[in-house]
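Just so it is clear, A, B, C, D, E and F label the chains in written order, and each chain counts residues from 1 on its own.
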Amino acid sequence: MKLGVFVNDYKTVAETVSRLTAEKLGLIFIQNGVFHAAIKENGKSSSLLDKSANFYVLAEDLATRGLSDADVDSRVKIVNYGDVVDLIFNEYEQVVWI
Amino acid sequence: MGTLTIACFASLVGSKSLDFSLKLAKAALEKGHKVNIWLSSNGTLMGKANQKHLKDYSHSEKYVRELLEKGAEICECEACALARGIHKPEAIEGIKWDAMHWYLAKIYNSDRVIQIGGE
Amino acid sequence: MSVIDIGVVIQRPPYKSETATLGFTHAISYQVVDIYLEDGQGVTPKVCLIGEGVLNCINNHKAMENYGVTSIESHVKNALLVDLDIYVCKEDLDRFGITEGRLIDAEDMGADKKLQVVPYSEIQKILAQTKHILVF
Amino acid sequence: MGTLTIACFASLVGSKSLDFSLKLAKAALEKGHKVNIWLSSNGTLMGKANQKHLKDYSHSEKYVRELLEKGAEICECEACALARGIHKPEAIEGIKWDAMHWYLAKIYNSDRVIQIGGE
Amino acid sequence: MKLGVFVNDYKTVAETVSRLTAEKLGLIFIQNGVFHAAIKENGKSSSLLDKSANFYVLAEDLATRGLSDADVDSRVKIVNYGDVVDLIFNEYEQVVWI
Amino acid sequence: MSVIDIGVVIQRPPYKSETATLGFTHAISYQVVDIYLEDGQGVTPKVCLIGEGVLNCINNHKAMENYGVTSIESHVKNALLVDLDIYVCKEDLDRFGITEGRLIDAEDMGADKKLQVVPYSEIQKILAQTKHILVF
């Protein structure tokens, strides 16, 4: 299973996403999901980044919220819409929005 | 090149999820993929023509017309629209009206599907 | 020319939003999808209830009486009547203390299928074998 | 007897929050209270006449007309409505169109206020 | 401060509600908030019921979900819409929806 | 003939929904409420950002560039320009690691007011003194 997951919110989605597993898993942080990539809560990165997965964050949704590349955890790759299309078609087979 | 079907259940004004759907659709079309869009729940508001563009609100009408020109197929759920008082003659020209099996059939013929929830 | 499986995952609780309802109605519509497909083609939804989604399957809903809308219970029964497989996460049922006796069934309507209570690991296996997954 | 102002930001079809608002309004009117209702965000969909009543969806039009008859004042946010392509002539008769300060002024003159969010 | 709180959802609202305090606090469980009154998670009642507050649950929203009076925790009073109106006007001064 | 305080609590994060935006615009509209009130009457919103709501006040939003909509940053600045008190929960800022240097201000536009970072207990006291509370 090659599963791409659009993580679109911050606090409300963590439980569902934390249960997911797949042979190949990709978390794409968009909308308020970008805070998982850019905010350390109580000094700790989001626990989602501890998953065995590839991580991506949408540049536009970072900038919209006043966040910059420097805020992004080093495990997360910054992508644009064109990159997202390529991820969907080339890297993952099933894609879900959570 | 592949086929991408995007379903969107969120309303444009009041949510950025439909903005995301439209931008993703545009990026996919520009890379040569075929795109289908299924609008359900409050997403059916997108089919309402004569939206006024106010600075505080996202605006879809122009964007949608551009996607249609680029070859995207867009269909909204007739029942969801009617329940909201949106009738076929009010819809943006070129948007289809149909029921859920239209979406399932597009899923059958798609390489990738992304369903974007309304909450 | 073949039939594909799709996963229909319902993770939202009932009624506050229409999300869960739309999960069931989208799944049920598989019955008429052949209108738009060729002979031998088809779509088989595998409905999976996880997390708060399992709260949809407590029986005895009074939605028509209170809100004038078709209950989710009716949608579940219709789904069973049209032979859909509906899998309910055992761990989540246990967590919320929902016993099997309280689950919706459609025996009275002559359905052969029942809700299938299975471990989360089983749901993961089922979803891994689908072509696409829709999350409600 | 007091005055209750209810604001609702949720759409009727697709959410039971607007149903709650209407039922609460009715119960308050029946107890002799005065009721104001402010509709904002997707709540402005309630002002759309000619909603088709389908069994799968909540239906407001009849309910709203009943509240208006019982003396409730109902007002929807003009900007929110226009952004959704809903224009004044389409609205249910008797529903006012105004801006946010209408709501704030009603709050000033209310004994109790309950604001019901859209999420 | 006499604060009435409409608790309208289940898992997503617990953090916000748990922080609330008031001299007199009332939690009115409606919509999917009714699960706080009627479901024991891992055999334990909702932690919201441990707050120093009065608890109410809307009968209609219980019945809509297949829940009955027998499911409701003994600390919670079952009410109808008319009762809710009286609570708003007679028992609490500020009313919020969370 | 008096002015009442109302609490405007913003607890949702920015942009995914319009909730936070509507909190600020509703507060700002206090400026023209006198159209519908009598002389000497008025409404003073006390804007309180708590929980994920504090994520709204990181500066340098690019919402107009990316979405063609007025940024929440502009709304915050406008709110400060019209002399609204905006209280931001210190514990939540600390929890999310947002330092004071990253907070929106409207000094460049000549606002006298700044965002006021205060403990949660202070926000509770402020809200207790309002007549009504609106939660966004």
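Convention: a residue touches a chain if its C-beta (ideal position, glycine included) is under 8 Å from a C-beta of that chain, and two chains touch if they have at least 3 such contacts.
In this text the structure is predicted, and so the values were computed from the model without any measurement.
*Asks:* Quick one: how many steps at least from subunit B to subunit E, stepping chain to touching chain?
*Replies:* Minimal hop count between subunit B and subunit E: 2.
*Asks:* Quick check: more C-beta contact pairs in D-F or A-C?
*Replies:* Here the pair linked by more C-beta pairs in contact is D-F.
*Asks:* Could you work out which chain's C-alpha centre is the most distant one from the centre of subunit A?
*Replies:* Following the centroid criterion, the farthest chain would be D.
*Asks:* Please flag the chain sitting at the greatest distance from subunit E, going by CA centroids.
*Replies:* B
*Asks:* Between subunit A and subunit E, tell me the centre distance in angstrom, where each centre is the average of that chain's C-alpha atoms.
*Replies:* 35
*Asks:* Averaging over Cα atoms per chain, report the distance between subunit C and subunit E in Å.
*Replies:* Between these chains, centre-to-centre, one finds 29 Å.
*Asks:* How big is the gap, in whole Å, between where the Cα atoms of subunit D centre and where those of subunit E centre?
*Replies:* That pair's centroid distance is 24 Å.
*Asks:* Roughly how far is subunit C from subunit F, going centre to centre by Cα mean, in whole Å?
*Replies:* Distance between chain centres: 42 Å.
*Asks:* Scan subunit C for residues touching two or more other chains and write them down.
*Replies:* Touching at least two other chains: 15-18, 25, 67, 132-133, 135.
*Asks:* Among all residues of subunit A, which ones touch two or more of the remaining chains?
*Replies:* 8, 11, 15, 31, 95-97, in rising order.
*Asks:* Which subunit D residues touch at least two other chains?
*Replies:* Touching at least two other chains: 13-14, 16-17, 41, 56-57, 59, 112-113, 115, 117-119.
*Asks:* Can you list the subunit F residues touching subunit E in their complex?
*Replies:* 7, 9, 11, 50-51, 120, 124, 127-128, 130-135
*Asks:* With touch defined as at the start, can you tell me which subunit A residues reach subunit B in the complex?
*Replies:* 6, 8, 30-31, 81-82, 84-86, 88-89, 93, 95-97
*Asks:* Could you please specify the touching residues of subunit B with respect to subunit F in the complex?
*Replies:* 13-17, 19, 55-59
*Asks:* Please output the residues of subunit D touching subunit E within their complex, sorted ascending.
*Replies:* 2, 4, 16-17, 20, 23-24, 26-28, 30-31, 33, 111-117
*Asks:* Using the touch definition up top, name the residues of subunit C that touch subunit B in the complex.
*Replies:* Going through subunit C, the ones touching subunit B are 4, 6, 12, 17-19, 22, 25-26, 29-33, 35-37, 41-43, 132-136.
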